[in-house]
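Both of the next two complexes hold subunit A, though its partner changes from subunit B to subunit C.
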Partner chain A sequence: MAAPTAPTALDRGPAPVRKPSAARGRRRRPRLAAWIFAGPAAALFALFFAYPLGASLLQSFTSEDAGTTRWVGLDQYQRMFDDPAFLESLFNTGVILAVQVPVMIGLGLALAVLLNQSWLRFRGTWRAVYFLPAVTTLVAYAVVFQVLLKTDGGLVNQILGAIGVGPVDWLNSPTWARVSLIVSLTWRWTGYNAVILLAGLQAIGKEQYEAASIDGAGTLTTYTRVILPQLRPVVLFCVITSTIGTLQLFDENYVLTRGGPDDATLTPVVYLYKVGFQQLDFGYAAAIAWVVVALIAAISALQYLAFGRERRR
Partner chain B sequence: MSTRPTRRAVLATGLAATASSLLSGCAMGGVGGGGRAPEIDGKADDKGGKVSGRITVWSWDVAAKAMKRLAGDFEKRHPGTTVDVVDIGYDNAYDKITIGLRGGTGLADVLTVEGDHMPRYIGNFPGGFYDLMSLGGRYGGDFERAAWHTVTGPGGKLYALPWDIGPCALYYRTDHFRAAGVDPRSLLTWDDYVKAGIRIKKATGHKLIIQDPTDPGILPMLLQQQGQYYFEGGRVAVDTPAAVKALTLMKTLSDEGLVAYEKGWDGLVTGTKEGKAATTPTAAWWTGTLTSEMPELKGRFEVVPLPGFTADGIRTSNIGGSTLAVPAQSKNPRLAWAFIEFLLTGKNNQVSMLGREGLFPAYLPALDDPYLSERQDYFGGQRTLDVFARLARNIPPVEYDKDDAKATDIMISAVTGVMLHGRDPRRALGSAAGQLARATGRKRVA
Partner chain C sequence: MTPLSPAPARVHPARRAGRCLVRLLLALGAVVSLVPFLWMAIAATHSTPELFRSPPPFLPGGRLLDNLVRLQDTIGFGRVLLNSVGIAVVHTALSSLISAMCGYGLAKYRFRGRGLLLGAVLTTMMIPFQVLLVPLFQMMASVGWIDSYQAVILPFLANSFGILLMRQGFVDFPDELLESARVDGSGELRTFYQVVLPCVRPQLGALVIFTFMTQWNSFIWPLLMLNTEDKYTVPVALNTLTGLSRVDYSGLMLGSLLATLPLMALFLLFQRQFVAGLLGGAVKG
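Coming up: the complex of A and B.
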């Protein structure tokens, strides 16, 4: 809405200092100026975004053997259907999406509501504390979790041992490795989502709470009927970005478990990395990349359609 | 997990972020590896031909240390040359090399590549390296044959020169064995080994072996001992009787509770330090790790040859070891080759790298050096290097393949399935073979 009007405003804006030239020239000059401004960005976009995008799409239809490239059509895409490792990586992503994302958003919401209370002291400090995990270096955080979750002598197992529960093989058993990954992801990203949700909460005026209380609504009713519905777009934002993040998950599980044991924490992007850079199977890796992109687009669109309707009112 | 906190155009931002992070990684321009391996100008080898200029060498860890140390000697012998050794770190090394080969630019003049990685690069980037046959072919008889096998390609091409190898033996804790009353010299077969493990565990509570649950563990070693690897004649061979035998042994170790699971290299080192396992079946270079990382355990370790699958079977294998190659992008291949030749084809430099950096030479003449028969204080006065030197001559050459990385990934699943979930080895290997055949478009041996 704003974009199309901008050039005309420029056109008719401050009167040109120089003598106005022919109408054609006048129309052309702003276009040139626009290109001069947009040019570098467009060039960078073409070089680092459009070109790789197109090249990888083409590559996903090829296969390489001893340095020669062959066109194989949809073969690389077909391979995924009976590739247990890829299917396992999708399953793992599904588990994280179904378990970790709702738990994290729920926790984030509770935290945001808590941080928004007027009786809470040192609110700024609390917010910073909860946001901190999101700014730690990935590797540092993964290493800390590795130390915490070590089977022998790890802090978590020491505490468990003190209450007579005993040692859990956190990172070396497939099930517990999944649990470890989910816990570490939740630790890292809950505060981040809480801060975004908090911003949403603060956009809601005091009068809403007052109106609800005049209408006789208790605290719980106020939140479930009045506040949360208004927070919907913000929650949607958190859900979609978290879903995208989950589908792109790489660093955490790569450092923590390398996708193992037994592929229990393998994600499509870790698999893509292995296929491309370790197995040197570039065509297949490109195909996996495109399937991940398609999945992200599809899931985001679904979520948008399912929960975003309210915004269109 | 979240990407960008822009509120507008959530979808677009998310997609852009995904696409750029995922796709740019997988779309690297031209194919740098196609075509045929170029040859270095033959005149370079004439003793009169003088080399000059500058080269960059990529390596890591002790290997980089060794080259930095000897580069000075080389420069002195060849005035007007500069050898720049860069320690690129093991964690990024192969990503860097792969990207350089794929993109056709950006590589150093000399690359360190581990022996079992070499066939993968030769297979995928046959034009990515100089063919050294006309210059280095005459050294063929001087190098350990399994290592030589890994650097030669189809059509009699020589893609690298072997540097060090990793002949395997069984390191054992003398105290644990003594406490259980087990004579390590009596471990002739893997069956003896399992029986000894059960006794040691009963007597001392210690397990027998440490294994990484994200790794195929001792499987490659057990396969090579039987003269095979993942492919045979280009066909998938992961479900051969030899493979079933190997994985069944690993299952037995696991079923008897003799395996301590520790992730990664650090897990192996700390686990060994803490005395979790009574034995470590591994390569000669492990001596360096023991002496430098756990000096306090001096006198607790000795080595014997690996147990065999039969009492008169092969008692060793190879793990690791590396090679030096000259990528086709090198601007000064003559100097690159001169440096490699200086470093690897002389007894003195090889022995000094064994003594100082623990790099066990693939260059056989070096194994006759008196240094190898010296007693090692750390190993209770045992002539440890001599054990490895004798074993090194019996390493069975096996067929490494460009698809080994794929095979390894699939085999990790088979191994963990059997060891952690108690699956049947024969069936696990059968399905692994099927998967590998599909993924590589190859036939199966069995």
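Coming up: the complex of A and C.
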């Protein structure tokens, strides 16, 4: 990275807590001052994180009938097993995980390798162009895709029509709605992942390429045998953040398709929103939320097992 | 530039072809990346029927002003834009300050509860905030804050990502400098604002831009909190337009363009800080 900013600061490893000078400095500074600095954030966390988190856990064991709240134990969690809409939302998440995440990471990786060519000029400009979709206002992006994908007269169908295909009912048929969601997610996040992967590539020294070239390796061999294995932690990071993002997916499909048609693009979080705020079934909504938490915790555990040792956080 | 670059003849023909292919692929990707933006800009200057006629418009039309007037009439776009700017600015200023202070406290002080606070910061990063939606909504309802700006701004002021980013910036700050400031009679707060904060400007810049973007784009929480039209933020107001049976697509495209332009400008101006901020913690060097 050209800028001496965040990544470099993070590279310096663990806080120098154990250095004697640092410890002495810390002890001598007054405690009250520490709370002036950390206090506001601590109060906000207690009020708007710890308290609602506990409340939501309790709520997931309750049910509300005609204004009275009653303890129902694990009933709300059991309900999910027989709830076709919830199962559908899990299935959709699985499809996105199986199709969209690999496609996006693959494209992002290819893009990062192309952008990393030393002879390429205006690399900053290229990077900006590819990153731009990730900074777009969410609703704007969903609206643009709605208009582009409109069945009668949308730009995509007009182009397909010109080459004698279609029209495709992008947002109103269950299969094509899934395709639309996957395509629009890929459009939005590929550049973002490419930039992260590019930063990883740039951390790999030039001498690695030179050494491989001296040993007689071609470009393809250099990448598959030397460069990509070293990039593995960064690739895994992208896979896992994308996975967590997919498990939490809300805005994109809420604005693009509202989860429809026929729940084909419903995700657990959109379903949670519908259950909680449209059907006012708060106990069930809380239970769904905690299942999403459990899934994400499982993924985080995976992350730790996969490359926990190589990271220092 | 040209005298310094190697003469084209020196490059092996096969390699030259390879470079052309790379440029071609990159250009193709760039087109895919940019076309939705370009089309958004073109569509904002046409009427809705013009958008869907065959062939579609490829050049700007003359309806920009019409669309703007209609957008103002239907969703009060000026007011909505002002709300978004106000909320994002207040949120960003407060949140950045709170994050920076907390990061500093965690990096440079030992105090009871420090481990607990750090634990809370790390946990919030792993818990999807949707878990909090229902109880936070009920909290806001019980104090009568539904449909108020503070309900949008307050709950997400303490930002884990920002605290960790700032903490990393402060950890390496030399303790000797802090000691000497204290010996010179500077109070703890004054040391922070006048000595320490100016030294972490890059991290602070990244944090400010990133926080502003997140708040500007924030959708679900303002959607839940705000329910009178003159308090809507841009994303919430635009979303009301998509729910109608006869959708005003050209108005939507103009609104989307106007919602996206400030962020695009901010991103292009501060690209370096921005990417560094997003990469914070992402890449092991």
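Following the convention adopted for this analysis, the second predicted complex is superposed on the first by the 266 of 313 C-alpha atoms of A that agree within 3 Å, B and C clash if a C-alpha of one lies under 4 Å from a C-alpha of the other, contacts with A are read in each partner's own complex, and residues count from 1 in each chain.
Convention: a residue touches a chain if its C-beta (ideal position, glycine included) is under 8 Å from a C-beta of that chain, and two chains touch if they have at least 3 such contacts.
Everything numeric here is computed off the predicted structure, so don't read it as measured data.
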With the two complexes superposed on chain A, say which partner A:A33 touches: subunit B (first), subunit C (second), both, or neither. second
Would you sort A:I296 into first (subunit B), second (subunit C), both or neither based on which partner it touches? both
Subunit A residues touched by each partner, larger count belonging to subunit B or subunit C: C
Contacts for A:T257 in the overlay, against subunit B (first) and subunit C (second): which applies, first, second, both or neither? first
In the overlaid three-chain picture, which partner chain does A:G191 touch, first (subunit B) or second (subunit C), both, or neither? second
Where does A:S118 make contact in the superposed view: on subunit B (first), on subunit C (second), on both, or on neither? neither
With the two structures laid over each other on chain A, which partner does A:P133 touch: subunit B (first), subunit C (second), both, or neither? second
Once the shared chain is lined up, is A:L171 touching subunit B (first), subunit C (second), both, or neither of them? first
Where on subunit A do the contacts with subunit B and the contacts with subunit C coincide? 48-49, 51-53, 55-56, 59, 152, 192, 196, 237, 241, 244, 247-248, 269, 272-273, 276-277, 282, 285-286, 289-290, 292-293, 296-297, 300
Subunit B residues within the subunit A interface of the complex: 1-5, 7, 10-11, 14-29, 31, 33-35, 94-95, 98, 102, 120, 123-128, 213-214, 261-263, 274, 402-403, 405-406, 409-410, 412-413, 416-417, 420-421, 435, 438-439
Subunit A-facing residues of subunit C, complex: 19, 22-23, 25-26, 29-30, 32-34, 36-37, 39-40, 43, 51-56, 98-99, 101-102, 104-114, 117, 120-121, 124, 126-128, 130-139, 154-158, 163, 165, 167-169, 171-172, 175-176, 178-179, 182, 188-189, 192, 202-203, 206, 213, 216-217, 219-220, 224, 234-235, 238-239, 242, 249, 252-253, 255-257, 259-260, 263-264, 267-268, 271-285
Contacts from subunit A onto subunit C in the complex sit at residues 1-12, 15-16, 21-23, 25-31, 33-38, 40-42, 44-45, 48-53, 55-56, 59, 111, 114-115, 117, 119-120, 124, 126-133, 135-148, 150, 152-155, 158, 161, 187, 191-192, 195-196, 199-200, 203, 233-234, 237, 241, 244, 247-248, 250-251, 254-255, 269, 272-273, 276-277, 282, 285-286, 289-290, 292-293, 296-297, 300, 310-313
Please output the residues of subunit A touching subunit B within their complex, sorted ascending. 48-49, 51-53, 55-56, 59, 64, 66-69, 79, 82-85, 151-152, 169, 171-174, 185, 188-189, 192-193, 196, 236-238, 240-242, 244-249, 257-263, 269, 272-274, 276-282, 285-286, 289-290, 292-293, 296-297, 300-301, 304
